[in-house]
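The following blocks contain the structures, represented as structure tokens.
Each of the next two complexes has chain A plus one more chain, namely chain B in the first and chain C in the second.
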Partner chain A sequence: MGTIMVEDKIAVTEKYKLGNKYHVLGKSVPKKDVLNKVLGKSKFGADYYADNMVHCKLTRSKHSYAILRSIDASKALAYPGVVTVLTYENVPGLNRQGELIKDEPVLVRIGEKIRKKGDPIACVVAETAKIAEEAAKLITYEADELQPILTVEDALAPDADMIYDNDHNYFIKRVVVHGDVDEAFKKCDIIVENDYKTQIQEHAYIEPEGGFAVYDGEVLTIYACSQNVHLDALDLAENLEIPMNKLRVVQSTTGGGFGGKLDLTVQPYIALAAMKTGRPAKMVFDRKESMKYSVKRHPFDIHVKTGADKTGKIIAFDCLVYGDSGAYASLGPATLTRTATQSAGPYEIDNVRAITYAVTTNNPQAGAMRGFGVPQMAFAVEQNLTELAEKVGIDPIQLRKNNAYQVGSVTPTGQVLQSGVGITKTLEAIEKEGPKYIAPKKEASKPYKKRGVGVASMWYGIGNTGFPNPSGAFVEVLMDGTVHVKIGAADIGQGSDTTMCQIVAEVLGVPYQDVRITSADTGLTPDGGASSASRQTYVSGNACRLAAESVKQSIIRAASVLLDADPDDVGTENYCYFAKSNPEKKVTIKDCACKCHHMGIVPLGHGYYNPPTTLLNMKDGQGIPYGCYAYATQMAEIEVDMRTGHIDVLQIVAAHDVGTAVNPINIEAQIQGGCTMGLGLGLMEEIVIENGEVVTPSFASYMIPTALDVPIYHSIIIEEPDINGPFGAKGVGEPSLIPTAAAIANALYDATGVRIKRLPLTPENVLAELKKAGKAL
Partner chain B sequence: MKTTICFRLNGEEMEIAVEPNLTLLDMLRERLHITSPKKSCDEGDCGACTVLLNGKAVNSCLVLALSVNGQEVMTLEGLGNAQNLHPLQKHFYEMGGSQCGYCTPGMIMAAKAFLDENPNPTEEEVKEGLSGNLCRCTGYIKPIKATLAAAKEINEGK
Partner chain C sequence: MGFHYNAPASMSELLSGIKNADNCYFLAGGTDLVVKIKEGLIAPEFVVDLGKIKELREIADAGLVIIIGATVTHSQLQKSPLIKKYAAVLASAAGQVGSPQIRNVGTVGGNICNASPVADTSPALLVLDGVVEVKGVNGNRNIPLKDFFVRPAVTVLEKGEFVTSIYIKKVQPGEGASFQKIGKRKALAISVTNAAVWLKKDGDKIADIRIALGAVAAKTIRIPAVEDQLKGLVFDQSVASKAGELAKASVKPITDLRSTADYRADVVDVIVEQAMCEAWAQAKGGN
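Here is the complex of A and B:
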């Protein structure tokens, strides 16, 4: 397996041919979903219509923290065009939802706590969206106000009020301890110790949350944006009190997720409205609603200490991390668990201690967002390492190479890495290819600017941390030789449908265009788990591989009869099956599928895969959190205007070890998209909260990168296959974002000699630091 | 009070009664169920609702339906079909120009208006031309390259 240099010139599918042994794996075939997308035909949640449908709109709490005493919906009910108003009394089941902890009310009960601004009080169901919106403003409520807790410090103060019935204001505390950290620091020649702070980032998917529900008296069908329909169904079933087999949750085309569409959004309300009125129900959040009340990336307060001997061998690592997880758990506990396991980076360090908290406050809840608590740590740890390299007096890439994981290395959770450890190759690729694009030393383009180059690396465990997270797949070969794949995995634009079809086509020896996929529909497909944790290529990909291998047994049985050969003697080539002992005679998969039916066999395969993980010990975090890991190193070239603090990122060279590359153009697309989101995290994006309320709920107040902000990207795909991956494939969705902000911060230091430990690196923040250091012009 | 307007939509004559405060976007989506123009910000920041009004790209959320009386509106539905993709659709499809696809219709229509004005653009000019269309998935590179490839194909076909 080699290294593929992906040039940033006009892409032609042919160019990415790897010349490997596969017929469709490793080829940049066009994505399965995209033809409908370029025709404008894909149906997103907001694109469903029915003549008699009703529209839903929430009345939300104005309080951050209070006890609800009464709700008055009389004016709304009297408003012309209002069909009904839903309150907690209309929620038949648990009235508690959540990915991990059932703590978030569908509609707040009288006598219970409102825990953040925007908690749902009532839901208006009306003839038009406009009427629903107007009537929702007429609903009033009374509440006993409590003193909101809006900072981590206040939440953890000894006399703090408890937001939940608990003796502490955090959802989880995670500890990972490996070796003897305190003793090891005593032996270090060089210690770098810093505090870092990161901001709240918004997913800012372009599609606001939307969905449509239909109830036929027996089965409730929901079409909504989602990253995990089967978990949606479980959460909904518990709240609606209907069995899961009478609940069909279908993922509508999803306009970006990035972790933000794992949690339920519109689904409970359209479900309740459809069941109560007997009419189809629709709900679409507006932009402000989406940006104010959706989950966010955790802001982190990080204390990190790195110690090495005088050669730069890292001996000890210690970090203490507080993430403001907001009012509801969402995926906060899982995020801070991942943070603890991966905080030290892709380096073999004998003594590691990581302590993390997902802190409960009355702020908007933080949950999953691309990178899952790792990008924040990369910003801190990769700056610490670069500072360490400077103190040791060696090149920062060399320092990373000297400490990088190898096969056989032991991680902070005690896992021995068995295969697929590509960190060194990514460092070597950056060392070799980086200078071809980014000269190590070069003058800035203007006298008032300074130029700098920075590097950062990362590792990322593929799949959910420590927990079982299986995916299933069905594969059927039809009588005309075409293939239908059914999987639960949600394609949210990242390309999982395409990846799965490539894997199945590869196993069965059929053309890619003959494979069709149905995904993320609880009425038709098996559970595929979440499209998160960069896990679908690895986990659902393995399920597809197994299902395809299982149906292939039936096809080979039929082929062996048709060819009059032993099943072990049957091979495939050029979309045909043949006997290796008599390669002249060939049969097609269509011949085999028909023969199967004549033999009384349905050519149907199923499979499921679960990564070989173990639960982590709560006391010291020891265990096997992930089945495989992706690695990356990125190099950024920037110019900073010393008068204004404005940073221009000129180029990024991104070397990613993805295991076997299933679809290079899609991988390159993930790298470019991830780097751009990382650039947003690094330079401009910040959700501002005042008194528990998001005050930047628009694209005018919350900046995301535009076409004018993106640098030149040079993507390098490294293939270091993992024994556990399907054909050795791992993942790339989140890794692409993780090192970018850190590489930019290191480049800023290289340019100016000023190290900024707080994100984002906006002109204001940079200029303030430059002034403090006496370096601003 | 509703006023009846007449306009051409994707080449077809339309007649519809609209309220004075109805936007072009809401008329297309909610009344005519033309769903390729997407609602994302509803205040002109994102470009997801871009359509062509007399050949020029507009944010349809900022245009009143009344004002298109007698005018010509084109949405992605009018650009090409599966058997006959427009070069922009073809290259967005083949070159990874679309991921989640929510910004795609607006982005392609913006690119169409841009190429009609500037058939032989540089890469920098394409970046300018697409800078009003937010995309959260692609990092813009592939839509930019797809637009350049489409320009090349359109020019070669002339």
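Here is the complex of A and C:
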């Protein structure tokens, strides 16, 4: 089996013609986590077990908006097998959690507001999960009902009730202004102005939230799925009132996150239960609970106006965006901030204005989801651009090329792009390679179908927007020459463990197999920040590079003694260190590590990296939001059934500039997975909310693409290295999803002449629009 | 919470042990029943598993008719040479149920007894003039499938009655049948609407026709008034499209989470027309 993977890796590496410079970087080495996963050995939150463990289950509010008056847990406490019931009185600390704003109660206090359906009222701790579930139904509460605010319009109405103690119902308003937009529009020959609407999307990770906590009287250890254990620990410490050095948060194997496992989920409850009972505590959400109460992708209302001169040079861009962020901030402010900075797309436009709101309502909260607002904007902006190209009378790819960022371009936040600007290369790749797969003109397969081809592009800032977001790493070379890396970054399936080991192996000149990694364990690893914002290859990758370079100094010192050479003279090749002046003589890293110890040196390195960002000015959004950007262009081929409105996506060609491809097959996997998620966003996925409640909380009612719905993908990897990236690498996790829905929408227009401005493009939606345009058969 | 579970090994054991209780459910593949129990939609007191009774799992050739045991799975139907040869429309419908996993355990008896208006085998069985054979504490009876459904989750079965088999008529030379389904994606999709058409040709005329529609009413229905208007007409594309329009005019679908009333009405038209054309092509081919 191992050999098959090694052979595959070579095939894929050759397919992309990448990575010849390096011994392990750029090679599709097998992922570190893969064997345990296929053998079923990986331990997910739900797999933890102890004989004496207790099980937790929440009683959640039935109200969307109310003031809690009393809780009656007497029946639950009397239920056989119930160990205890936790309420707000058992939360020793802040009782407010949240990644950015501490606004979400661990357990709602009496006298305080319930702000959404499903707010946690009490937590039953019982001998079995079944008992906990039954007893949780027996807990009742009284509350004074308030009139819930369930739409953006109602939330922003002048006389609206304030959901928080505030003078407005939004978590953030962001403004980015660059140039003079109003003046510029006066000079435009062509203006395209439209309203777009996008839906709520569910992350649909394969693993529902689960975790396990153990308290030994001094240290509380939590094993749970997570995208950021260090921030979890901070949030937990404040709520549990225990010092962070007595709290160990370990990421259990995580079956996908996509932004949905940045927020705390089960952790506070298992922590409280373990501390209260002194027994290990476990909690696992079932799919329904997960789908109802986890954060979601923001639905957007987008107004966008694009103006150009008659040659198609874009002169002005204006957008106003409302995202329904629901009852708690979660990562809503981050989402709408990124939306504002990136809304205009990868195009140099001298006059840009973007105003965005993360609106507070009593709906389920929206938070981080793959792309942080950028996919929604791509759906709108990339359709506007294609419409613009048509009005100008030029090819949509040409229009994009004419306006694409170059090195030296200034972005809407005033940042001058220094390096790694690959947008033009992705457009050229699609222009050249696209037609090899997707014939420009071809008949549809059936008389009642129409065929169309669409293109969309994107840019994506790697890392958190306009905030310091450092990551650290430790690298130790052990006495036998093997290497142990410790990083905070959580591998949630995307492959960061693998990437980091490749980077360290490359720097140290050791075989990939000799590098082992421990990640995302606050008891052992340094802070790595979140596995979100496509940032770990770039940020933690740099930390690993720096840590490896630092330990390499020690190794080289030892090598120079062993080789009797000057340290500057020491080189590395074929897993050996040698003197460049006398290349015959070689020593291994094992020799060097032993020598280090004889010399009284522990070959231990650490490093951390923070992207070169600045805070953004609140007034006009000026500043440096990101250290580097990834770019992409995708082309979609579809057929539409003009009788039923069904869209069949046949092929997608996806060209992604990733900086340097650390692991091509892993990148290809990200592209395929991202496109599939983007296809779901484009065609079928939609969380429906009625009266503040998710009414599509299962995979029977929430449709995601099946294997049969997935088209043929052709991935093209473009390497436009960034000067700051580790070996030039940037990121690809979110970019892969961003243009897909937009490309499909543009293909739909190409096929039918009908532009649909509301996602998803379900058969119902498409047929209704085709009928309106008189085009349905 | 719990229930009594019993898995009789033979028909006689089943009949002797049968519960005449309100709260007794028969278990076939469990793909509907178990979901409903788990969701708390039903709380059976007794569950009688039909899985061990061999004769319920067989497909038999009985001359002009085929006898399909109640616990024959969708996969069996999909693969059976007998069904493929004489009732391809049913093989096709069964092949479009859920996913391979669901088809491997879900049964045809469960599909009809669950009485969902979206069930995929129901339209095919209806146009093959299906008759349901029922056994119970009070003896046996045969019920034409068109009289079997009452409303969602309710059939005419009485307490202690269960389905042993379904009889369908073979599709003969000069006859053709087709099943069409609209779902929200290409696999694992509950029908937004579905339809089946069986017809018999006489020269270039439609000598006889049966049309069944799913997901446009509280149960899977036949539309005899429309069928009557089509009998005797010379088949061509315009007749097929007229059939679609008549079918559309004869139903009043609803809006629910899965789709809208408008959409359902729009596509009933399309699938009936398509099914008619395919059925005709098959009838012609068989001549």
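Criterion: the second predicted complex is superposed on the first by the 759 of 777 C-alpha atoms of A that agree within 3 Å, B and C clash if a C-alpha of one lies under 4 Å from a C-alpha of the other, contacts with A are read in each partner's own complex, and residues count from 1 in each chain.
Please note the rule applied: a contact is a pair of C-beta atoms (placed from the backbone, for glycine too) under 8 Å apart; a residue touches a chain by one contact, two chains touch by 3 or more.
The structure displayed is predicted, hence computed values, not measured ones.
Among chain B and chain C, the chain that touches a larger number of residues in chain A is B.
Once the two complexes are laid over each other on the shared chain, residue contacts for A:L35 go to chain B alone; chain C is not touched. Applying the stated contact rule after C-alpha superposition, one finds that A:A768 touches chain C and leaves chain B untouched.
Touch criterion met: A:A46 reaches chain B, while chain C stays clear of it. With both structures placed on the common chain, the touch criterion links A:T676 to chain B but leaves chain C unconnected. Contact with both chain B and chain C is seen for A:A707 once the two complexes are overlaid on the shared chain. In the superposition on chain A, chain A positions 700, 705-708 are in contact with chain B in one complex as well as with chain C in the other. Of all residues in chain C, those touching chain A in their complex are 1, 99, 182, 184-190, 192, 257-260, 262-263, 266-267, 270. Those residues of chain A lying in contact with chain B across their complex are 8-11, 13, 28, 30-31, 33-44, 46-47, 49, 129, 203-208, 253-258, 284, 286-287, 492-495, 665-666, 668-669, 672-677, 698-700, 704-708, 710, 713. Of all the residues in chain A, the ones that touch chain C in their complex are 134, 643-646, 684, 688, 695-696, 700-701, 703, 705-709, 762-764, 767-768, 771, 776. Chain B meets chain A in the complex at residues 29-30, 33, 35-36, 38-43, 45-46, 48, 75-77, 80-82, 85, 88-90, 92-105, 108, 126-128, 130-145, 148-149.
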